[in-house]
Amino acid sequence: MTEVTLDVATEIIEASENHVGESDVPPMCIAVMDEGGNLVGFHRMDGALLASIDIAQNKAYSAVSLKLDTETIHEASQPGESLYGIGETNDGRIITFGGGLPLEDDEGTVVGGIGVSGGSVEEDVEVAHAGLEAFENG
Amino acid sequence: MTEVTLDVATEIIEASENHVGESDVPPMCIAVMDEGGNLVGFHRMDGALLASIDIAQNKAYSAVSLKLDTETIHEASQPGESLYGIGETNDGRIITFGGGLPLEDDEGTVVGGIGVSGGSVEEDVEVAHAGLEAFENG
Amino acid sequence: MTEVTLDVATEIIEASENHVGESDVPPMCIAVMDEGGNLVGFHRMDGALLASIDIAQNKAYSAVSLKLDTETIHEASQPGESLYGIGETNDGRIITFGGGLPLEDDEGTVVGGIGVSGGSVEEDVEVAHAGLEAFENG
Amino acid sequence: MTEVTLDVATEIIEASENHVGESDVPPMCIAVMDEGGNLVGFHRMDGALLASIDIAQNKAYSAVSLKLDTETIHEASQPGESLYGIGETNDGRIITFGGGLPLEDDEGTVVGGIGVSGGSVEEDVEVAHAGLEAFENG
């Protein structure tokens, strides 16, 4: 199994930061967790929203702990949908909007998660995917 | 950068209180935070709702930490909208209805926030704007 | 019964601030609560410790809720003493060192509390007493 | 005033990690906060204790919010000493043993904090000082 070591986390975070630097999105908070849902690395880019410190970490936690990206959780947590109310469980740590992605190894096992927060949901998702890509090519 | 000193906070709170005194709105709780999301000043006017003690502070926190007024958060947090569920992140400190406003300096940098609670949302917003105006003219 | 209105709280806070201004103690956080243990007024003087935001409020809460000054709680909470462990109750809101004082009316009824934090315990106590004096002469 | 940007935080964290690599101490969690007590950067070195994720952050918070190193807090929080019980205030975020250091600019203003956890207190303190040294020479 691939492990989300500090080197791996740093690589993911750097790729995310580079993507921010090369594009038009605002500064971000980026969090990487291991398969235990425990924080490995976190960076707050200068000027990133303070609320994003917690949200980025909680997105990573959501992705690891539910083995789902948080856009999927967004859909499933709407009124009437299967996971309606999931945002209140786990001390509010489950985030119900995009920007959290599970990290999967070659066999599809979830080995960690990345969470990005700081812009619109679309921007967060975009930056998270830049991090994920670095992980998959890493 | 303008700093939200105690003098600045006091001026904002006083302007808000004066607006309450001159109009028909109920007594309010008024909270002012600095750019780090830390409380600088808080007043509970006589008779203001007890729940408003926390709500006013959390509105100020929401405005600082997301750099958004809480009316905007209200819209974005509705079922199906992009930030649905944001009210459960950050230990429930993000308020999803009006009455919280970011304080911006001349260059548009968010340097703090004001949160007002005690009446209807419209009333809270009105009083918060009275505080904001004092800040902008201060 | 004397009530701790916003005017009363403001007077207490101002007297505390004036004492800081006229003496050698560092900037303080000053909190005033009513008889229900609910915050009425709070000021953080420029440069006051961030930890003091919570500590000042918790000192005021401790003084109201136990009808004791927090120096007395300090003594009673030492290992082997009668209130050993009190600091862990009430979600950690009981403070076990000086700087919190109950506000009593002429008949000795506790009608509120003041909490001061920002310097050494001795300094906090000194500033709290300046606030109390204003209350008693007010 | 010097600001604890992400670059500054990264430099501090790297210096701490290098010190671990060159010495005999176990892997560490290293957290850096800004003057508002908000997290800027965090790294968990491979194999570091899970409990250290929170402890490192709380040590940084303690150092910023009390403008004290946590060894000093350790002494002052012993039974009978002036700050006995401080570890329960602020939702338990004040750490009462070494490994947290305030970051001061050239004028002695506290502009942030570093928190290190993972080994014995002596080891944590040693690594925190390596980070501080990088900050001061940076």
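In order of appearance the chains are A, B, C and D, and numbering begins at 1 in each one.
Here, a residue touches a chain if its C-beta (ideal position, glycine included) is under 8 Å from a C-beta of that chain, and two chains touch if they have at least 3 such contacts.
A quick note: this is a predicted structure, and the numbers were derived from the prediction, not measured.
Taken together, chain C and chain D share the touching chains B.
The set of chains touching chain A and also touching chain B is given as D.
Work out the mean CA point of chain B and of chain C, and you get 26 Å between them. Centroid to centroid, with C-alpha atoms defining each point, chain A and chain C lie 42 Å apart. Mean C-alpha positions place chain B and chain D at a centre distance of 32 Å.
Each of residues 50 in chain A touches at least two other chains.
In terms of inter-chain touching, the protein chains here follow a pattern that is not a line, ring, star or complete graph. Inter-chain contacts occur between A-B, A-D, B-C, B-D, C-D.
Residues of chain B touching chain D in their complex: 34-38.
Chain A meets chain B in the complex at residues 49-52, 54-55, 58, 74, 77-79, 87-88, 91-92, 94-98, 120-121.
Those residues of chain B that touch chain A in the complex are listed here as 36-37, 62, 64-67, 79-80, 82-86, 88-92, 94. Residues 5-6, 9-10, 36, 38-46, 50, 53 of chain B are the ones that touch chain C when the two sit in their complex.
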